[in-house]
Amino acid sequence: MPTVPLIDEKAASPAVRAVFDDIKRTRNTDWINNFWMALANDPKELARVWAQVKQVMAPGALDPLVKEMIYLAVSVTNGCEYCTFSHTAAARKKGMSDAMFMELMAVVGLANQTNRLSDGLRMDVDPQFIPRG
Amino acid sequence: MPTVPLIDEKAASPAVRAVFDDIKRTRNTDWINNFWMALANDPKELARVWAQVKQVMAPGALDPLVKEMIYLAVSVTNGCEYCTFSHTAAARKKGMSDAMFMELMAVVGLANQTNRLSDGLRMDVDPQFIPRG
Amino acid sequence: MPTVPLIDEKAASPAVRAVFDDIKRTRNTDWINNFWMALANDPKELARVWAQVKQVMAPGALDPLVKEMIYLAVSVTNGCEYCTFSHTAAARKKGMSDAMFMELMAVVGLANQTNRLSDGLRMDVDPQFIPRG
Amino acid sequence: MPTVPLIDEKAASPAVRAVFDDIKRTRNTDWINNFWMALANDPKELARVWAQVKQVMAPGALDPLVKEMIYLAVSVTNGCEYCTFSHTAAARKKGMSDAMFMELMAVVGLANQTNRLSDGLRMDVDPQFIPRG
Amino acid sequence: MPTVPLIDEKAASPAVRAVFDDIKRTRNTDWINNFWMALANDPKELARVWAQVKQVMAPGALDPLVKEMIYLAVSVTNGCEYCTFSHTAAARKKGMSDAMFMELMAVVGLANQTNRLSDGLRMDVDPQFIPRG
Amino acid sequence: MPTVPLIDEKAASPAVRAVFDDIKRTRNTDWINNFWMALANDPKELARVWAQVKQVMAPGALDPLVKEMIYLAVSVTNGCEYCTFSHTAAARKKGMSDAMFMELMAVVGLANQTNRLSDGLRMDVDPQFIPRG
């Protein structure tokens, strides 16, 4: 039960449809997931967010699967249910195995643990960790 | 200004020193960072957390640099200052370039943006994203 | 499925009923939403929280719709499902249009993105941003 | 460097001074910490927040030290630096030993770890955990 | 709908079954909750996390009910649904009354409020709160 | 002490300088704050994030001061120090008075409190709050 109506392809304005078409082409898929159909209530925001996803998640200094797993790690840390399912699916499509998923979870769990231990113990940052300008 | 005194190597009990020595050996380094010296106020917790870090961050289905960048992505998302510096340093030591760091930041920023858009728009999870048992 | 039973108006003690009546009168409505019925398990906490909501959300230096949208922005950032629905409904009742809701979401998404970019890049606060005492 | 000027006892209006006096009397102390001096920029909010702290943190079904440690656990989980120091000091004043502090940190770390593992693995809530109405 | 299949006792490998048996023995119960069945997809992580829970949650400087309530306070602050139900149930089993639960909620609510007020007002930490080394 | 070097206007490439110039022109100011100088380590990300800020924060269905206060509410809720100072300064420049700032803080504090009370009490969303499609 979303807070806004979903705009499907049939109801989409030409501007929205152009983004939907680019999503399908870029991802080599034939359907649009609910996130984009909800975001389409603001066609400019839809275009802005999609342009970012398209550029940031493209191959670069990091490979797409690594990026997708980083995306998933953030989504899990934020407790975002929709994002956890959608980025787990996306990472699996890009090659994440069962073992990789479980190992990713172990790192995420550990990082959350030591992050909060650090926030409680409040050590100064070691000088060795500070980048030299 | 930590909330507990730091236990350095000279003041360490044999149990603490054994963990410190294993940290140095495993990481091929000659110093102990403040996190472990603070955690050493509870030698059992020190041993437990180190055992986890040693096992979880070892090579496995994911390579150590990827794990370190996932650790960093979580730390940034949690706003943990100490962790951001320590895991940036660790990732750089394992080969993270300037371009990789900035790309990681771009993914983390984007994931936080779309996570909260999803939390506001509250779409149902698409059936296509639900794993088949 | 709440963690506590909901206390409805019929089962309410006089102290709880007095708060419920004030909620209905203040909001010009004839029903009590689940949050207050759950909180009524602790009548003093019910009274304390309602007194705050009544005072803080009243017209003041900021107008009530702006306050309600700020409340919603926080709720979305915290990923609170109940709060997102209840404060979206409250803001709409006070005049938030579809366009205002989507624009609010765009700001919340952007803020979460740049917040975490800042937490990763860790710049010092510019002297120009520090208030002069 | 706070975002607002601190209102000290000399500069305080009678309404603010009344709250400051009640804080000192209730806590059996002779100084006011920076949180209240910052909050005093809004005398009504100062009075509201102090009234809550006074009531909620008083002895009740839970003893004051337990409440203070719960307060600290939340503060650490939220990464709030000021709160971590102030509630560590408050808990120590109420009897928290070094061993209790470190054990509290271990629980907080563990809870953050398993919280995020749960958020990633997304199990249904077991029927046995659902309260019977 | 978890992101991984649940491994029940019949399907469990000997290593997983040994952990399951220890969970049941330690908790004096005859069933395994979904968290452990999901985590069992990585038998080493299952063993690591259970070993921690067993050690950290055992009686020590803090009593088990206090620890369980701290665990619950963190889970609520993180908005983790599964964890909120499972640790509410665990705390009730260890003796948390209705009044204790509601009082715990009041502390958690208040702490989240003043944490964010502090994060907005940004006062320096009072020297009196800084531990002397 | 940022994790990356700051790129100032003199050291900026033409692409970065074009963004810096647009920031100064749009904001009618003669200096660039540290966030943009850090982000300039990735000129494409700098351009993407600035394009979003420029578009999303422009007048629309919501006025710019309201948007800036929403941005600030999110920043405080996330505990982002840099963002809290920079968006407090930005909101003041757009007309936020002392009273408005303190009232904004009161709403943010209250929302964080009731968000977490809701996350602990776990009521179902009232049918009245669910948008009709």
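Labels for the chains are A, B, C, D, E and F, by order of writing; each one numbers its residues from 1.
Note that in this section a residue touches a chain if its C-beta (ideal position, glycine included) is under 8 Å from a C-beta of that chain, and two chains touch if they have at least 3 such contacts.
Keep in mind that this is a model prediction, so the values were computed, not measured.
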| item | value |
| --- | --- |
| Steps needed, at fewest, to go from subunit C to subunit D via touching chains | 1 |
| Chain labels contacting subunit C and also subunit F | A, B, D, E |
| Pair of chains joined by more contacts [C-beta pairs], A-F or C-E | A-F |
| Most distant chain from subunit A, judged by the mean position of its C-alpha atoms | D |
| Distance-maximising chain from subunit E - centres being C-alpha averages | F |
| Reference interface C-D: repeating pair among A-F, C-F or B-F with over half of contacts shared | A-F |
| Computed distance of Cα centres, subunit F from subunit D, in Å | 27 |
| Whole-Å gap separating subunit B and subunit C, where each centre is the average of the chain's CA atoms | 34 |
| Centroid distance [mean C-alpha coordinates] between subunit E and subunit B, Å | 20 |
| Sites on subunit D at which at least two other chains make contact | 1-4, 45, 48-49, 52, 56, 77-81, 84-85, 88, 99, 102-106, 108-110, 112-117, 119-122, 125, 130-131 |
| For the subunit A and subunit C complex, residues of the former touching the latter | 3-4, 41-42, 45, 48-49, 78-80 |
| Subunit D - residues contacting subunit A, complex | 72, 76-77, 79, 81, 84-85, 104-105, 108-110, 112-117, 119-122 |
| Touching residues (chain side subunit B, partner subunit A) in the complex | 1-4, 6, 31, 33-35, 37-39, 49, 52-53, 56-57, 60-62, 66-67, 69-71, 73-75, 77-78, 80-83, 85-89, 97, 99-100, 102-104, 106-108, 110-126, 128-131 |
| List of subunit B residues in touch with subunit E within their complex | 1-5, 44-45, 48, 51-52, 55-56, 125, 130-131, 133 |
| Subunit F-touching residues of subunit B, taken from the complex the two chains share | 79, 84-85, 88, 98-99, 101-103, 105-106, 109 |
